[in-house]
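One chain, chain A, appears in both complexes that follow, with chain B as partner in the first and chain C in the second.
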Partner chain A sequence: MHVIRRLGAGALAAALVLTSSVAWAQTRIEFFFPVPVEGKLAREMTRLVKQFNDSQKDIEVTAVYTGSYDETKLKAQAAAKAGKPPSVVLMSANFTVDLKLAGDILSLEPFLAAEGTTREKFLGDFWPALHANATVDSELYGVPFHNSTPLLYINATHFKEAGLDPAKPPRTWVELVDAAKKLTKRDGEKVERHGFMMPGGYDYLGWLMSALSMSNGGRYFNESYGGEVYYDTPSMLGAAKLVEDLVYKHKVMPSGVIEAGGVSTAFFAGKASMVLLSTGSLSFIRENMKTPYDVAFVPRNVRNAVPIGGASLVMFKGQSEASQQAGWKFVRWLSSTDVLGGWSRFTGYFAPRKSAYDTAEMKDFITRNPDAKVALDQLAYAQPWFATYQTVAVRKALEDEMQAVMNGKKKAEQAVKDAQRKADELLRPYIDQTALKLP
Partner chain B sequence: MTVDAIITADVLDVPSSPVRTVRRRRFASWRLAYMLLLPSLLGLAAFTYLPVLRVAIDALHVTPHGAGGATRFVGLENFARVLGDAAFRQAALNNLIYAVGTVGPSVVLALLFALAVRRSTRFNAVVRTILFFPSLVPLVAAASLFFFIFLPGVGLLDYYLAKLGVSGPNWIGDTDVALWSIVGLTVWKNAGYYMLFYIAGLQNVPRDHIEAATVDGANAMQRLWYVILPALRPTTAFVITIALIHMLTAVDHVVVLTKGGPSNATNLLLFYIFQEAHENFDTGKAAAATVISVAVLLLVSLGSLRGMEAGSRREA
Partner chain C sequence: MRLDRHAGPALLAALVAAVAFVWVTPFLWTLVAAFRHESAGSAGMASLLPDFTPTLANFRLALESGEFGLYYVNTIIVVVGVLGVQLVTISLAGYAFARLEFPGRDVLFYVFLVQLMLVPAVLIVPNLRTTVDLGLYDTLAGVMAPYFASAFGTFLMRQTFRGIPRDFEEAAAIDGAPWWAIVWHVLLPMARPGLIAFAIVSVTAHWNEFLWPLMVINDPANHTLTIGLATFTKGAEGAKEWGVLAAGTLLVMAPLAVVFVAFQRRFVDSFVFSGIKG
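Let's look at the complex of A and B:
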């Protein structure tokens, strides 16, 4: 008995020592980040994290480079499943819905409440187009970090050669087709230079199809309900038909699928005069394009509209209270005006905060790089990014059909019908649990 | 039996002694054997047997993604869903075409390479290294290189074809061509590796058989067909076995080059499993597809290994 009591006292003392030492020690947290563009970005991110660690003594952040967007999601979810969730993850912005539905990430509302602010106030400084992808079911789940939209890049030299004015890039689909025809160079049946090209690989294609259908007045998906996509609609059919016609009627775009790397290479090599790529490629193109180029809005048929892309900071469930608080502090620091502005100038992505563009450094940067200004102006027309239940599979349903169209295996009319059928099948389990779960 | 014999005889150096001592010694030696095996057994259990068990269990359950709801037992339903999935059937068909298209040409090429460089001369050593080189390049790196070779219009392949006045297709972006481009890459990558086995196999073809055939007036073709090839039967069976295993276990190039596209034209079974598990979060379906692929793999390996044994017995 005596022994037990003494043991108990000892344990208590040990526990006291332990907790007090914990209270004094730093909180260590992990931060997973992807790099969609290789090399320099990872080094810059490591530098930022070091700067944060040096700026205070309470929190020690370990930055873990986790590959592409998709791999980052995989690794973060695997770590969470194994009981060691990362505190903060930089996650592709359209995965937020899926992660929330899977119950993997924390609502950020309690942190806002603790700061005495509201979601509306907090998001007030972020571009309106970014709000939808940061919130799920009217709660904040992600803090936007860097963002992009599709952009039309044109070869100015080719424009002059073809008798077009590079200062007036095509604004509508009619002008786009017209310019593409003039820019295409043929040698008999063989095409020497294509007037237009766009990436057709998975992920990119879905994003660009959403840009084209939005420019055609469409929405692609239901922003407030994860169980609906609008594939078999006039706006998507028009977009699909445009792609089909560019290849097979106007013959200004190569048939088959070309990945983003192939499209930018063709643009650099002067084999494509106009290309549709992300604003995230702006720095890459600026550094590698040898001849003069220009950028322009994605041409419209009905209205100017593009989806956003990019990544948000999310926090994982299953971490201790101390770790959560530390993680939130780090999120707040990373998403501060200065850090976001610096990262934007380094990468070419947008800074999601409007205030970042009021700083002197940014104003100076925009004056020196007018192409960044065009990309920024287009943000006024930006729409939320496609996000549903089973985002990737539902997107692939459309992409598989569009790839068949680009290969001449299917007509646009049939393709959008088949894509809709496949997507509805995939969404069915969610629909049954939600919209069709009736009293 | 063999382990027992070796340890008893060699390691413990057992002299001929009364039965009881032998039995006790034998027990001790078994214990030693198991103790020596323990680390590898633990590793095997943790990283092979448990996952295998887990996959078998997962294949019989369904875990709804996100929509709320717990894991439940569904029996063979996952297998029915996998077999009814058009994407799975296409991946299986693609895999079959890929296997037949790759294994045949790479084994024939490997044999021809081996016959050409079997004599050890300095020149042949250089040629061997060149032929073996593609095997030294990791598949991911090879695929990244081929991305630039296959680039439509500006790629290396199209560049040289243009010099001949030919315009190539969109190598990995055309639904009819993409799988064959993947086949071509794989043959380039693997033939040199299989060549090594044939070079080794050729050293074991009895010289006197070849000489006897030559004396009997057989020409080179006849010597190859009636003497060398039958003697190489165990090598061929082995090479075909590992080649077939490669067909189901290596999809790095698909991941790098096409992600299974366009329109699933280059989707292979392993990549389909990856997509079901990590893109669609359907662990049940992924597990069922895994069980099916591994079963096929086991059958194929068993068949070829049988062939190999039969071949070597005939040799002996």
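Let's look at the complex of A and C:
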């Protein structure tokens, strides 16, 4: 199997035809974007693109909504293979390694060089935790656009009811389990209110499991080599056991797989007292939560650590020179301090640029919304998001096993073993081409 | 002990009603939630009981989030276009496999059926490449093209034709009718239930399809209903605006539901006749 695929000549020709068919000097490019949170964001993104188009005459960007993160990757890669690569794509931040290995995306180094800057200088304004996912093999491949970390949301009213202090949310796993037990309301065997809930759907679950294993001292994956994940390890086993115990031993979390929408709905409805959700949900929760709530770091067992999440802008190969330049201009505009700051305030994601927090609008916003400050403070403990060869499939290997645990069909010990075996099989072709390709 | 003469049927009716209720609950909830005030909050969202003051605000929000009129037109073009071509191809192919004698016919038929086993996702890249080569990328024709031939439809029509006694065709042949006249005037009218059954399956499948249109279409002017709906159902990290979600879902499924209710008797008859149920 070829790890690096060469781009077909047909793709290039198609791209040339596409651009040269425009009569005047205007360059038309396509921008694929997923809707990471909800419909309102799709409207806001469309508005931003229109604003860019109206602001200048040289480039006309078509914003194409492309489903979820996984579907966006599928569509962009299928389009590239079929000879219709998009120019710019907003891609889940951890897909850069996979896309680079597949030979689909452009190194952004030449663009930086043309501007007379370096990667270090360019990334200097971005939070350090984001650098790893933006670079592959010491070259810049993605520009962070919006980012998140997992966050613990607590219902302050429930805390008071249960005799807990909402100003002191659980900081450790011991405190988490303890609080969850006190917060869970039972009516005989029936649970009326769960002390703790977390989403179990694809994508979210893998991300939260990496948060829990990192909080347990683990790493989840090898940051410098895309062929290794650490599923069958004490740190991941501990995380998996914690989830299993929350459901079946302490009975403070519902069994089964509940999607993120269900978890936040349960939180609003007062059916769950603590939930683990993304900082990306912050604006939505702020707008919809009727009773007092608070936010806190993800509780630790060994150390405070969370993975980052979110999305980066990447540029696909197979574009004409003019399209590439137009794409880069658009990327620069979208990742400017003002646009990132505005998008951050609109969504709840944090802005990847530090300078966005120096603006008057942002300072004012943080003062009015102290919960946004907690999300920002947790950034000091943020780790890179897992990114490997075949990232999605390797992630699902763990998620399928964890879902079996949450459904009560498997024990944590067996689940992490099976997940590791499946992941290793998936990584095998890459390992054979790299680490085990010996002279 | 013998049950009371009326208890049996009553018990059965209660059981059927209970099962029906389980089936209808999601639809009922969608209907109720679509008209519920957002101020009811999520707490009231799970309730099946309608509010006393229904609102159309959710529909307004849903309609604002996309050009539903355009999505309807596009979806109808796709569904009707696919079905129109399919009816021709499956009738002719079904006739060939049912009536014509040629070497390798049965082998060819089984090979044809093998495509039913393929997971559609495997075909995305090859199909997309063909679509681009044909110049159909980002067009509604590109969305339709891969479905113009249908293995399932061909199979269904072959079985339907084989179920019709040859006497009718022979009578027509004696009168000097050519093969196409036999197909048109004799076989197709008798195969109508099979065609209707296939039409329902085809229309619902393409009405609800998401992944392939998402792959082919870039231009928002070519979006279909499912893609329009997805802009507020596919959120990864946020919570859901259930009311808007329900209203949008209702907008997407309403036309099909109305058609089905209107022609219910006919559809059920067709399914029973053609032997595909459930």
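Please note the rule applied: the second predicted complex is superposed on the first by the 415 of 439 C-alpha atoms of A that agree within 3 Å, B and C clash if a C-alpha of one lies under 4 Å from a C-alpha of the other, contacts with A are read in each partner's own complex, and residues count from 1 in each chain.
Methods note: a residue touches a chain if its C-beta (ideal position, glycine included) is under 8 Å from a C-beta of that chain, and two chains touch if they have at least 3 such contacts.
Only a predicted model underlies this, so the values are computations on that prediction, with no experimental measurement involved.
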{"item": "When chain B and chain C are modelled together on chain A, clash or fit", "value": "clash"}
{"item": "Partner chain in contact with A:Asp98 - chain B first, chain C second, else both or neither", "value": "first"}
{"item": "Chain B versus chain C as contact partner of A:Gly256, first or second or both or neither", "value": "first"}
{"item": "Contacts of A:Thr265 with chain B and chain C, given as first, second, both or neither", "value": "both"}
{"item": "Contacts of A:Arg28 with chain B and chain C, given as first, second, both or neither", "value": "neither"}
{"item": "First, second, both or neither for A:Tyr430, with chain B first and chain C second", "value": "first"}
{"item": "Touched partner set for A:Lys373, first chain B, second chain C, both or neither", "value": "neither"}
{"item": "First, second, both or neither for A:Lys190, with chain B first and chain C second", "value": "first"}
{"item": "Partner chain(s) touched by A:Leu74 [first = chain B, second = chain C, both, neither]", "value": "both"}
{"item": "First (chain B), second (chain C), both or neither touched by A:Glu399", "value": "first"}
{"item": "Superposition clash, chain B against chain C - the stretch among 91-99, 235-243 or 253-261 that is involved", "value": "235-243"}
{"item": "Shared contact residues on chain A - chain B and chain C", "value": "74, 261, 265, 269"}
{"item": "Contact footprint of chain B on chain A as seen in their complex", "value": "70, 74, 98, 101-103, 190, 200-202, 254-259, 261-262, 265-266, 269, 271, 389-390, 392-393, 396, 399-401, 403-404, 406-407, 409, 426, 429-430, 432-434"}
{"item": "Complex interface listing, chain C residues touching chain A", "value": "41-43, 45-46, 65, 124-125, 128-129, 131-132, 137-138, 210-211, 214-215, 218-220, 223, 227, 230-232, 234-242, 244"}
{"item": "Touching residues (chain side chain B, partner chain A) in the complex", "value": "64-69, 147-148, 151-154, 167, 169-170, 172-176, 258-264, 275, 278-281"}
{"item": "Contact footprint of chain C on chain A as seen in their complex", "value": "14, 30, 34-43, 62-69, 71, 74-75, 78-79, 81-84, 86, 148, 203-204, 260-261, 264-265, 268-270, 277-278, 280-281, 284-285, 288, 290, 309"}
